[in-house]
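First chain written, first letter: the chains are A, B, C and D, and each begins at residue 1.
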Amino acid sequence: MIRSLLIANRGEIAVRIIRTCKDMGIRTVAVYSQADADSLHTRMADQAICIGPAASSESYLNIRNIITAACVSRCDAIHPGVGFLSENPKFAEEVERAGLVFVGPTARTIRMLGDKVRSRHSATEAGVPVTPGSMEAITDAASAAELAQQIGYPVILKAAAGGGGRGMRIVKHAKELPNAITVASREALAFFSDGTIHMEKYLLNPRHVEIQLLSDGKGRVVHLGERDCSVQKNHQKLIEESPSPIINEQMRQQMGADSVRLFEHIGYRGAGTIEFLVEDGAYWFMEVNARVQVEHPVSELVSGTDIIRQQLLIAGGKGLDVPDEPLQLRGHALECRVNASTTGTVVKFNPPLGPGVRVDTHLFQGAKISPYYDSMIAKVIVHTPHRQLSIDTMVRALKEFVIEGVDTNIDSQIAILLSKPFRSGVFGTDLYTRLFPDPKKR
Amino acid sequence: MIRSLLIANRGEIAVRIIRTCKDMGIRTVAVYSQADADSLHTRMADQAICIGPAASSESYLNIRNIITAACVSRCDAIHPGVGFLSENPKFAEEVERAGLVFVGPTARTIRMLGDKVRSRHSATEAGVPVTPGSMEAITDAASAAELAQQIGYPVILKAAAGGGGRGMRIVKHAKELPNAITVASREALAFFSDGTIHMEKYLLNPRHVEIQLLSDGKGRVVHLGERDCSVQKNHQKLIEESPSPIINEQMRQQMGADSVRLFEHIGYRGAGTIEFLVEDGAYWFMEVNARVQVEHPVSELVSGTDIIRQQLLIAGGKGLDVPDEPLQLRGHALECRVNASTTGTVVKFNPPLGPGVRVDTHLFQGAKISPYYDSMIAKVIVHTPHRQLSIDTMVRALKEFVIEGVDTNIDSQIAILLSKPFRSGVFGTDLYTRLFPDPKKR
Amino acid sequence: MEQKELQQFITIFENSSLSEIEITCEQYSLHMKKPQAHTVVPEGYQPISHHAGPQHIHAQPAVKVDSGTKTITSPIVGTFYRTPSPDSPPYVEVGDTVHKGDVVCTLEAMKLMNQLEAEYDCEIVAVLADQGALVEFGQPLFEVKPL
Amino acid sequence: MEQKELQQFITIFENSSLSEIEITCEQYSLHMKKPQAHTVVPEGYQPISHHAGPQHIHAQPAVKVDSGTKTITSPIVGTFYRTPSPDSPPYVEVGDTVHKGDVVCTLEAMKLMNQLEAEYDCEIVAVLADQGALVEFGQPLFEVKPL
């Protein structure tokens, strides 16, 4: 059982974790960089410890200082949140070596899933469809050319250890392949200290759909339905929803069963997400996110489950608190990420309130938005009986939202919500580019 | 179909109705007294019309000014909210005479249910148990004494037209009866212009449980489960929850079926609540509230239904938007009313946010709490999988809530939530008096 | 505390540059505060920031201090008519002198034509509402000069 | 309190640079405040109003401008020890002169004993952390006078 938890993160996710800890009677210890001395997570936690200067590499990524802070403040466990050290197997290892509980999967699982080639192997072993292409790392240009011919252009090269678009290259013609391999491999080496790359069929305009799972690590795995995260800008998710408007009940059952089987196969422990690409009624395994995700609240609302609470129950050895019967999903939930496009001080802050609206944020009147960290400053999540009503409720909520002192993407989020393709539900990951074409590229 | 709605109310309920109208694309017209010129409902509505000076009798109860405002601003319908004119049959009549839709039951229904003796008759006709005692108005002391003997002391005298404790007298001994009849009748006449009283068995420490219903007025009636409103101070509800900790599934089914049958019997239209007293595993009909209630959000959360939206759909002739299968209720919802105990200006306002928390309020930084109206300034509602978690989440939310400039009951609400009897779920309507005994009465 | 003492304290406080004072003795406690000249007005909620604001028609103060004129305000919500019927001339024009009890306009509410009467003798300086317009409670209808 | 006394107190307060003052004696308590210069300071969030606040130990600025002394701050999170081992004397005492490279304390982190060395010659003016206490990044450990 966890009595005292250190949250190795900042911003809205740290605040969100602290709130659930308060609900569960768990003492909280926040860590903060010198730039975050007055931020909300340091104010809300029972104790707060400065772990370094503004730069993440010396504070929120400083494994030694974080673990020492947890030990000295007598914590039982560390929650890594999202980003930062949340998918760092070395951190998970060090946490356990220090005698603390890591709220997440084992270091072994994280390491395996972090390798895109190995994780695709696991998926195939579990009978989950993967995009046509290389199951192996690319070793030489000749065999790569043969493989590309086999699966058909366009293909995409990806860093095995990568993410976020780095080390990625789309190849449309055979003649571009050798050069692309060299560049992608070099980029992968630079960013992830691992030049291994693999090749996949490139889907032109797929949907991005993921399944949320919870596993007690002792054989019980449940899924909380899917999330559709197809609205993206430069591979960054902007709007997420559950259920997906393009997944029918049969596909949902199948994706859910496939996902549960994969987590059973690899003996996954904790909360995790399996990401799929969906096109023309078929779906393919993409990767596993071995942590809680930014968009987890939409699944919380449709499933009536607090995912952070489940993480803490699992990590504390109490197992899952979900009913035995298949989980009923109710209504439709929609999340909009509110990002700051400038830095500064928030001089006025009125969050939207009322029926159907949830706000997760670390903002307050007087909060400082610094240039050091992620630009996401709030998440607005709505829950209503169906998609059209969720969209209208989200528009209402975003129009009510007052943030003065920094610029935000609220207006462009409203524009997306009101756009015809978004409302129709029929669109691909290119929606943002279609709605806001870059004038320079025209 | 309603395209434009006048909200004949103020405060949090007016704000709450405006929010749902925005979700449904309905134009809103607020009315306000001169004391409310800067209040939130006048700011949020698409149009706002001043209808009189601060005193309710000349503004929020001014039927002529309200209906004229609706006509001149080209509204289709009027929503009366709670309190004020919401259960005034004359108002409902005048609204319809002006060619507008009244969002509520017919004037005939309101009038019948407003008469406690007639409404008890209807309940008996529909086979719903009523407390032992008079089904008729008390005419003389002799027959009253005979009846009291029959049902057994203590008995309670109630004004047929009354509510809120006025015209009520508890009679413990036969010798007190004649005098009590005289006093109660005189009080009833003074407060409700109707001296009619009736007698009931007095329950010493009952639970107050009510069933939320929706009816399309064309024969379809559904219930959204029960609310337990046993935590009261001077007959004013303080904390409400759903489901009730003392109602088992069998009793829930039976109360629900009884309630649906009564609404079918009287041809009720719209949202309404049937209040019951519960003691020792039995329940008795008390009265019908022919309007939406302050505590409606707890039923909204467990049923996943926006009750205001259903009211507007029914009033607009669109019927109910609830699934055909029996409604699934999920988890546990808890509401705390936040009341101001002083008047003044709110100089700081930070509502609680995050998972599981909903806030309905008309407060903002700079809002004025005037002495003219109800002291309720906010409702905090939480929704979690079960009662203990709801209580803990509510404590977290109330502790996060910052209201500076006026005093509130937040601390005493937290004290109730943390008290042993409340947490156990086993208590009666005397809980508040037990926790906060009046030192003067000791 | 004695009256005289209090008066003295108030005078001292009034003549000081302080904005607030609180005194507590065994015998009494005293807390004084001046109305803030430069009040920091707490900024209001503006929930509809991406949207046209509500169409507020705030009632004006009944007396215009600067010019010695007064206003006749609407005692009800209604529709403002300057004429008794569509083809009639207005009840009053700017420059007219009206006597107490003279009708100055009609306010229609729920199909009833309410004739508004002057409460004192006065001269009409300006008509402030438009023919056929919605008028709120307390809204100025005429600017007048009392005679 | 006497009138004259109050007047004197107010004059004293008015001539000071203070914005507010509160005096409590056995006989009385006095609270004075000056009107604000008009800065609208955005008030911060204080969500835990019913609760003890978090145990913040803010890192202090490294240089104390007024006295010419400096502070040696902790470069890591750890446990502070003045002694190399439980039964040893402290590395340094107040009044000691230390040279660049001399060890001034041990900071334990993840079972490693990190010895903190002086970066310049200086005299120890004060020890600011307690034996065995948690020290944060940037927390002042010693006040020193550079030599």
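Basically, a residue touches a chain if its C-beta (ideal position, glycine included) is under 8 Å from a C-beta of that chain, and two chains touch if they have at least 3 such contacts.
All values derive from a computational prediction rather than experimental measurement.
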| item | value |
| --- | --- |
| Between chain C and chain D, the fewest steps along chains that touch one another | 1 |
| Most remote chain, CA-based centroid, reference being chain A | C |
| Centroid distance [mean C-alpha coordinates] between chain B and chain A, Å | 43 |
| Interchain centroid distance [CA atoms averaged], chain B/chain C, Å | 36 |
| Whole-Å gap between the CA centroids of chain B and chain D | 55 |
| Chain D, residues touching no fewer than two other chains | 43, 45-48 |
| Numbers and ranges of chain A residues touching at least 2 other chains | 44, 348, 350, 364-365, 399 |
| Partner chain C, residues of chain B touching it in the complex | 30, 34, 37-38, 40, 42-53, 59, 64-69, 71-73, 94, 98, 345-347, 364-367 |
| Sites on chain B touched by chain A in the complex | 15-16, 19-20, 22-25, 297, 300, 304-306, 308, 321, 328, 330-331, 350-351, 353-361, 364-365, 383-385, 389, 392-393, 396, 399-400 |
| Touching residues (chain side chain C, partner chain D) in the complex | 5, 8-9, 12-13, 16-26, 31, 34, 36-38, 40 |
| Residues on chain D engaged by chain C in the complex (per definition of touch) | 1, 3, 6-7, 10, 13-14, 22, 24, 27-36, 38, 40 |
| In the complex, chain D residues that touch chain A | 42-48, 53-59, 76-79, 109-110, 134, 136-139 |
